[in-house]
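Heads up, the next two complexes both have subunit A, just with different partners, subunit B and then subunit C.
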Partner chain A sequence: MFGRKYLGVAKLGLQENLEYRFNFFTTFIFVLAPLAVHISLWIAVYATGVRTIAGYSFEMMMTYTILGHLLEKFTGEVNIQIKTSADIREGLISRYLVKPIDYFTSEIAILFSNRIIYFVTLIIPYLLVILATRKYFMFNSDPILLLLFVISIFMAIILSFLLNHLLGLLTFWLKEINSLYVFTQSTFSFFAGGYFTLNFLPQGVYDVLMYLPLPYTLFFPTTIYLKKYTLSQIGWHMLIAAAWIVLLFIINKIVWRRGIRRYTSDGI
Partner chain B sequence: MQINVTGLTKTFKVNKKKEGLRGSIKGLFAREYRIAEAVKGINFSIDEGECIGFIGPNGAGKTTTIKMLTGLIYPTEGDAKILGHTPWKRENDFRRQISLVMGNKFQLWWDLPAIESFDLQRKIYDIERNDYRNRLEELCTILDVTKLTHVPVRNLSLGERMKMELIASLLHNPKILFLDEPTIGLDITSQKSIRKFLKDINEKHKTTIIMTSHYMDDIESVCDRLLLISDGKIIYDGSKEKLANKFADEIILNVRFSQPIAEEDLMKLAFSVKFNADGCTLKVSKSEYLNTIHNLLNSGKVRDLNINSVPLEHIVEKCYLQKEEIS
Partner chain C sequence: MKFTVFKYISLYFSFFKNCLMREMEFRGNYILMVVASIFLNLYFLIYYMILVNRLGNNFLGWGRYEMLFFVATEVICHATFMSLCFYNVFSLPDQVRTGNFDFILIKPINARFMISTRNINFAAFTQALLGVGLAIYSLMQLNVKITLLKVTVYVAFIINSIFLMYLIGFCLMVLAFFFTKVSASGSILPYRGFFALYWFARRPEEIYSNVVVMFLTYCIPLTLIINLPAKWMVKAVSVNTLLWSLVVTPVFFALSHWFWKVGLKRYQSASS
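Take a look at the complex of A and B:
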């Protein structure tokens, strides 16, 4: 059966991660310290007396910031870029090439099994944050919006993977891409809306950005949650995101096919 | 023929890096490349069930050839047909019938017990549950590691880990097993049991074995046929006995004496004399050695005498120095 081997890979990926990832203490520090800085910044800004910034009330800004941080951790698998690059550079993809199993599909299987670990490790610190800020955190109980929110998160995970995997594949041509990684990490976060909501940007820039994939990895799901879109707007944007998924999938396949011809399988 | 290789060639573009920081910066803009020919048009064919020792000095092209035959890299020129497939097309039907074990690269999941990796192999290769169980039991028993399959791989010794690697790569009963320095860094006991295991597998299941190694003991105990590669070219292809005969124009005599004997007397008999704690080692030419033994025994001072041919290691060492083809 086709799917069985990839389920097997996912299961082992999960088990292996369980050995290390369940470190709540470090997760707390790593997750909460930057979030605390970000939140204090907005508290200071709104303390000056402004009611709304670019249509965002204090409550909306708090919710955007907390959810944005959570989603960036949960969907943004920037590590994939480094992992793919290392797998190629150190010859680890050879393990897959000699077996009747596909590297790309296996990585996706591991990606989703990793989400389970991420979910478990992130949910408690973030629930505590939301509990602490419950006066200002906006709760959304619209079942349709929540469903669309979940779907958009799913799309965000795939988009983020495809983008980072594609960058990792550049290792076939450029031996060392770790410096590129530092650059892409911050650029990605900026255009995904990780630093601040994209509504702060000039309308023209915003309109163009929404045709690109990055906002769909963070800004889009968060904005659905904040009830800032009508259903038809959500539908339209999901179509764009889906188109990017298809396009990036094809580009990944083409780049892989070209790159693998240059592969030297170093280290074996 | 199971494997047929014709004119297989691989060239690499190697970055010529200039010295120092200035060189590195220059290199960013104008890269200079050198074309390195790793494998230069090699030809050979291999039958089912053969055990091939693929040997040569470092950088001779062994691993590059193995990489091409297992489909990891594309050749620059030439062709290879293995079980009717072109390896670098990586068709599943091809990949199901081969296996690759690398001495310095592991495929097992590091933090999990080996049994988990074995079970994944079962799924990847679509092995029937019963076949899997029997095969696993068989392999574990021969290698005597049944008790260790539930220990996380990272807690195993190097030798135990290599045995697990071998099991993982043989669960699907491949027709061809490629091994790249499988005994590197292992202690003598582990080396011996792995050699015996490979020989067993080859005899029992007719598995073709293609092995590179720098340990001649590996080659001598497992392989029947040698492929000697030097500087990207095959310089010898044939049985080890034939190679030994070609080069072994010397015989080594280990002699122990009951009475002291003068070195000058021995020098007359052999072209090399070396004294050691027990007695001495004489090197004599093959055509002369019966005569020498006769003379030694006639002296009446010999207590013990051993006749040995030159070890394969020395022969191979000689071959490495020579780049021409050995016919």
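Take a look at the complex of A and C:
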């Protein structure tokens, strides 16, 4: 009974997205433009005769760039921040307050139905890119690492959601949060490893960052794939990520409870 | 004729004053925007500085301070564009979709002038000052011989870049006349398209192969936006590129105007 209710929500989310197929098609052209720039940059840099940069060979860098780019699109859910914020500002969450349905849980349901759409739309363009660069793309066939890779992606999706949802909830206190959006988007991308691999950063900064949640939304899954860690290191880092998930979940719940007391249901 | 030019100049000043007053009403938001966008540039700057460092102070022929000057030029162009053009041309799709565009057409002035100049954003302009600061600092470190001619041409190039960015943005916006009916969310497509193109402009052209550079210079003039002014100051620019930059903007402007006229003919207004 409980599950079916939110399955319905997920289905609705799916249908809503399918209405904008045209948008999806064009999205992938726009998504690939930055990737093309990244790839040409690394081709040009390694063509000058550099063997490795910060421990990354050409093949590793290409794989990191393509896979990282894909994961950033696949796991990153910055839209949640805008959506949550708009739902609060425009009074849309009122309907969740009067119905026996939980806002947070339905957001999670929509999150996963969105993932299906994203997967379908993103897989084709990125497969084409991988096919075009197959000589340089590293294929990982270690079943244990691949399994851990998938688990880490799953954790990345949850972490990214929790962070963005939390920022969206700040709308209860700050009415105009959209100006922060540009800032959080670039901050997330930078510290998650979206600009370049975090191994480029000074060791001290890197060590501190790995205790924070952002690298686990992009950098960590990608580097698992690149065989950068031993199994025990992966275990340790997953423990950190799991701890962040629990912590952020609790903070989300507390902030929601505090926020809802201030909520005035504007526009109703 | 003379009178018309004066009329438009004084009109622009009124827009300017009006926007400044509006912005000063929400000072809190203004400061927040300034801080947020400074961070945005900061990441971009750190990105290049770390990259140059990792490559032993030679990123495809660009040293640390040359790269800093490149980023500074990017910040100046980007910020000026955001401040003077972005909030104008990018409002067109929404105006076309909602039919608000009618109110621009009925005003006794040139509709293109109105749509291109009405809004000025001052928060973005503050960043341009940051860019100028960075540019001066990097030039001091570089020991480049600075002459009045060099600086004048540089400023002229920057103005040219703003025009080019405006024209690219404007042409994408005019697509709204053709595609708005396709989907309501179509209004963000030209906006995303612009930034997808701009991605190519904001990197040193050395990262592309020769064919791509030719394409990005002569077909879509993207390398003229940041590469040309930056290279003029701290590196060398070929005579061909210089001459081409003189030709391209007027030609592009004429083409965009023709495109605008075609688009206008298709406008049917909405919900009225």
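Following the convention adopted for this analysis, the second predicted complex is superposed on the first by the 263 of 268 C-alpha atoms of A that agree within 3 Å, B and C clash if a C-alpha of one lies under 4 Å from a C-alpha of the other, contacts with A are read in each partner's own complex, and residues count from 1 in each chain.
The rule is simple: a contact is a pair of C-beta atoms (placed from the backbone, for glycine too) under 8 Å apart; a residue touches a chain by one contact, two chains touch by 3 or more.
Only a predicted model underlies this, so the values are computations on that prediction, with no experimental measurement involved.
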Q. When the two structures are overlaid on chain A, which partner does A:Asn140 contact: first (subunit B), second (subunit C), both, or neither?
A. neither
Q) In the superposed arrangement, does A:Thr264 touch subunit B (first), subunit C (second), both or neither? A) first
(Q) With both complexes superposed on chain A, which partner does A:Ser40 reach: first (subunit B), second (subunit C), both or neither? (A) second
(Q) According to the stated criteria, A:Asn79 is in contact with first (subunit B), second (subunit C), both, or neither; which is it? (A) neither
Q | Which superposed partner A:Gln233 touches (first subunit B, second subunit C, both, neither) | A | neither
Q: Please work out whether A:Ser94 is in contact with subunit B alone, subunit C alone, both, or neither, and reply first, second, both or neither.
A: first
Q: Starting from the residues of subunit A touching subunit B, keep only those that also touch subunit C in the other complex, and list them.
A: 20
(Q) For the complex, give me every residue of subunit B touching subunit A. (A) 12, 63, 67, 70-74, 90, 92, 95-96, 98-100, 102, 104-105, 107, 109-112, 116-117, 119-120, 123-126, 180
(Q) Looking at the complex, which residues from subunit A come into contact with subunit C? (A) 20, 22-23, 26-27, 29-30, 33-34, 37, 40-41, 43-45, 48, 50, 53-54, 176, 179-180, 182-183, 186-187, 189-190, 195-196, 200-201
Q) Which part of subunit A faces subunit B closely enough to touch in the complex? A) 1, 4-5, 7-9, 12, 15-16, 19-20, 91-92, 94-95, 97-101, 261, 263-265, 267-268
Q. What part of subunit C is in contact with subunit A in the complex they form?
A. 29, 32-33, 35-37, 39-40, 43, 46-47, 50-51, 54-55, 59-60, 182-183, 185-186, 189, 192-193, 195-197, 199-200, 203, 206-209, 212
